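Here is the structure we will look at.
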Amino acid sequence: MIEMYGVSKVYPGQVVALDDINLRIRGGEFVFLVGPSGAGKSTFVRLVYGEERPTRGLVLVDGRNVGRLRPREIPYLRRRLGVVFQDFKLLNDRTVFENVAFALRVTGASGREIRRRVPAVLSLVGLEDRARARPLELSGGEQQRVSLARAIVTGPSAVLADEPTGNLDPDTSWDIVNLLLRINRAGTTVVMATHAKAIVDRLRMRVVAIENGRIIRDEPRGSYS
Amino acid sequence: MIRMWWRAWAEALSSIRRNALLSGVSVSTVALCLLVLGAFVLAALNLQALAGTVEAQVEVRAFLKDGLSPQRTSQLVTAVQELAGVREVKFVSRGEALRRLGEQLGKDSGVLEAVGDSNPLPDAIEVKVEPRLMDQVTEALSAMSEVDRVLGRRELVGRILAVTQAMKALGLGLAALLAVATLVVIANTIRLTVFARRAEVRIMKLVGATDGFIRGPFVLEGMMLGFVGAVVASAAAWYGYGWLSGLVRSSLPFIPVLPRDQLLPSVALGLVALGTVLGALGSAISLRRFLRV
Amino acid sequence: MIRMWWRAWAEALSSIRRNALLSGVSVSTVALCLLVLGAFVLAALNLQALAGTVEAQVEVRAFLKDGLSPQRTSQLVTAVQELAGVREVKFVSRGEALRRLGEQLGKDSGVLEAVGDSNPLPDAIEVKVEPRLMDQVTEALSAMSEVDRVLGRRELVGRILAVTQAMKALGLGLAALLAVATLVVIANTIRLTVFARRAEVRIMKLVGATDGFIRGPFVLEGMMLGFVGAVVASAAAWYGYGWLSGLVRSSLPFIPVLPRDQLLPSVALGLVALGTVLGALGSAISLRRFLRV
Amino acid sequence: MIEMYGVSKVYPGQVVALDDINLRIRGGEFVFLVGPSGAGKSTFVRLVYGEERPTRGLVLVDGRNVGRLRPREIPYLRRRLGVVFQDFKLLNDRTVFENVAFALRVTGASGREIRRRVPAVLSLVGLEDRARARPLELSGGEQQRVSLARAIVTGPSAVLADEPTGNLDPDTSWDIVNLLLRINRAGTTVVMATHAKAIVDRLRMRVVAIENGRIIRDEPRGSYS
């Protein structure tokens, strides 16, 4: 479902974030992306949903070359992916409900569907009673969970979660990871960039380790280090 | 489709409410710019009308040969009336002319008595002309066999024309400058309100919104703000004009003021159209650069 | 202290560079608003001067009694010259008056011949007066023993005065409206640029910056942008005025145009002062609400 | 140095974030603040540096009532505290160097001092080669370290770190914690709100646990749970 062939990403100023990445993630896989701060995990994720284009190489999602998508096509790519952004990227002037609903509205969902699905997914992430709050009235961990709720509410074919537990306590982190596992079991591909050693070591899923923009390890039932 | 429209309206309205400061700033800027533009246009139209009444006073006097029969005279008047550029023709008999002269010099200045029965003045016709066609009319009159001599204060008329034309040109120039300024200032303001929300736009795109999906509510919002601003400006112009024209009519009754009910609907319509279009266009254009994500 | 000043300048300059879009929008808005205001003020000043020259044409004619000695007549002229409101006095002899009349009626109209030696016209003096003081002058003239009768076209003068006054009032009104609009629009624009940076201001306060520390560069930045905008507007006014007045002088030589070198320095100074102050004040005031953290 | 007596914080909308908190942190202490997402840790920190005022109760810093400080005095309070914000709060239009330098400029430091101290502290957090980048050109973990660098560059008498390792891998997290420990040993009070169970359990410092806005545990040599 997600494939990279010889992918490099050099940011302006000669910052090499990714360097000759080759990787295939099949549909329905669950992959941990690990590596030190600044290794290139977020860049990897950004290439997949088309916020950045690769400097060299081929990024394929469902067989389509993301780097060559026309601007008109990118929104449709993004709707098939659910992204939990490392910095949440919530709309600060809308309520939690509206933030989550937005991902549905974009797809043209009906008001009925929105009223059915948004509360359901908010209760999945434990925020059913904060639906009317605005993002800046939430704690860091609550904001992070809103971002997750928005990512999964549309039932995307893949979820890209960029450190989705960075602001969560261990118990809540496990709740979230279990939620992702459940979604994965229902057929959704999950790519989770994370620093949560305890979680990676316990679950023993596929682990791709990046360092300095290169893949240094790719194990089917790996551990954090 | 209908749902999309409905959503765009709902979004635009709630966005206006959420961003009260931005909305207030936009509306007040649009309203003031358009009010100034409107006031200026109204003033210019009235000045133009005033210039017109001045121009309407321009006249040529043709002195007639002696001894014309009343019939020929009245034929002449009719013929002159038909000339292009002639607005009004008035016959002034030699007796009338002498009386006027006496009046002008003071009734007891002795002119009338001195002249006695030997009135030296000829009959004449006074012709109010279109200033632009004055030369043409003068020529035509001169060519008439009944006419002895034509008198027109060409220089004065030239000046009046020049001044009224200059004022029209100045008004037009200022109006053009004002229109450009209004356009740019309103566009700038809307650009700033869009700029203040660029992060929001970026997030929407990252979550999978198409450009159209984002643009719809934004453009509608710009339209609404522009519309409201223009309506405020029009209302202010309406009441302001009523007040001012009342003032002028009562204290300067001889200055012609264009009637509000005839003038303002079209000016207001123009302002509202301008405000609405500018609001929509401004939003759409400003948005473009933030949609590239 | 000096370091603080230096820092504020450096910060303001680099902030202008960083926020190129905001700066561009501010400068262009300020420039256009002030250019319109300046153009309007210049137009109004010129119209006022024009109205002045029209008013300067207002005159009263006093017919003198018969048989005054040249000495008494010249004494009279001197006396009239001293009256308040009198601008210019000119003696018109009865012969001169008759010649003028003949000219007015057409040289060969036979008036001169018909009258022959028995010129019925009196000597007169023509007095150019301050329109406002016309009645007073008329009275004074009437009271003089040498004066027979005073003729002044009161109604016409009243109208001319009313029109020029109305134009002045209208100009003043429009200028006031324009000034208010300029103020609000510039303040609005600066408010938007500050609004777009409210997060930045908030962070500065949370890191321990005092209000003054934040305000300094902001206000300086507003000042600079206002100053630059005003300078652009002044330059445009300078060249535009030169061009226009050249045009008018060559095609309408009889319309008096106020000379650029006399008029523009003060107008430009006013614009620059206004722009700078508005920029600074606008920043300071807009900032206030975002400093409460 | 930091004292709370009967402190409650109720946000608009009847959200009780803190409820009758009583706590004394002496100068030179090192305190972990732990608790589930939404427990009130960030609110605690915000009360100390005066972003929020308590609804009830007394917050004292160095014996002064923060809730009653005049607006003019608050900047001086904040300069004595170094705060690592959970959401970083960097100035996006300035370089990393300028962001860190800003905390010094505020105090009226000389250009020489700034040129000496900023590079030093940037190399402490491992960002010496990213000094000219802007925050949005940094990875999440890098941004977090800039926020930490800014907090400590002035040599404050207390550092309030709100989940300073949330976006960092375990190794880098340990580097950062060691840095905080070093500063603490030099006499600085450190309050660190965190979810990093591994770190808390290993260090065995004072742990204050908050849940639902109440202190449920306060142990001198505690563990995460």
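So that you can tell them apart, the chains are marked A, B, C and D in the order they are listed, and the count of residues begins at 1 in each.
The definition used in the following text is that a contact is a pair of C-beta atoms (placed from the backbone, for glycine too) under 8 Å apart; a residue touches a chain by one contact, two chains touch by 3 or more.
None of the values given here were measured: they were computed from a predicted structure.
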### Query
So which chains count as neighbours of both subunit A and subunit B?
none
### Query
Where the CA atoms of subunit A average out and where those of subunit D average out, how many Å apart are those spots?
28
## Note on the structure
Chain-centre distance (mean CA atoms) for subunit C and subunit D, in whole Å, is 62
### Task
Round to the nearest whole Å and give the separation of the Cα centres of subunit B and subunit C.
22
### Message
Taking the mean of the CA coordinates per chain, how far is subunit A from subunit C in Å?
### Response
67
### Query
Touching two or more other chains, which residues of subunit A qualify?
none
### Message
Could you pull out the residues of subunit B that touch at least 2 other chains?
### Response
none
### Message
So with touch defined the way it is at the top, what topology do the chains form here? Options are line, ring, star, complete, other.
### Response
ring
### Message
Per the touch rule above, enumerate the chain pairs that touch, sorted by label.
### Response
A-B, A-D, B-C, C-D
### Query
Which positions of subunit B touch subunit C when the two form their complex?
21-22, 25, 28-29, 32-33, 35-36, 39-40, 43, 50, 63, 101, 105-106, 108-111, 113-115, 118, 120-122, 149, 151, 159, 162-163, 166, 170, 173-174, 177-178, 180-181, 184-185, 188-189, 191-193, 195-196, 244, 248, 251-252, 254-255
### Message
Under the definition above, what is the set of subunit D residues touching subunit C in their complex?
### Response
49, 51, 71-72, 75-76, 78-79, 83, 85, 89-94, 102-103, 105-108, 110, 150
### Parts of subunit D lying in touch with subunit A, wherever the complex brings them together
11, 13, 15, 34-39, 41-42, 86-87, 133, 137-142, 145, 162-163, 166-173, 195, 197-198, 224-225
### Query
Across the complex, what residues on subunit B touch subunit A?
3-4, 7, 18-19, 200, 203-211, 213, 292-293
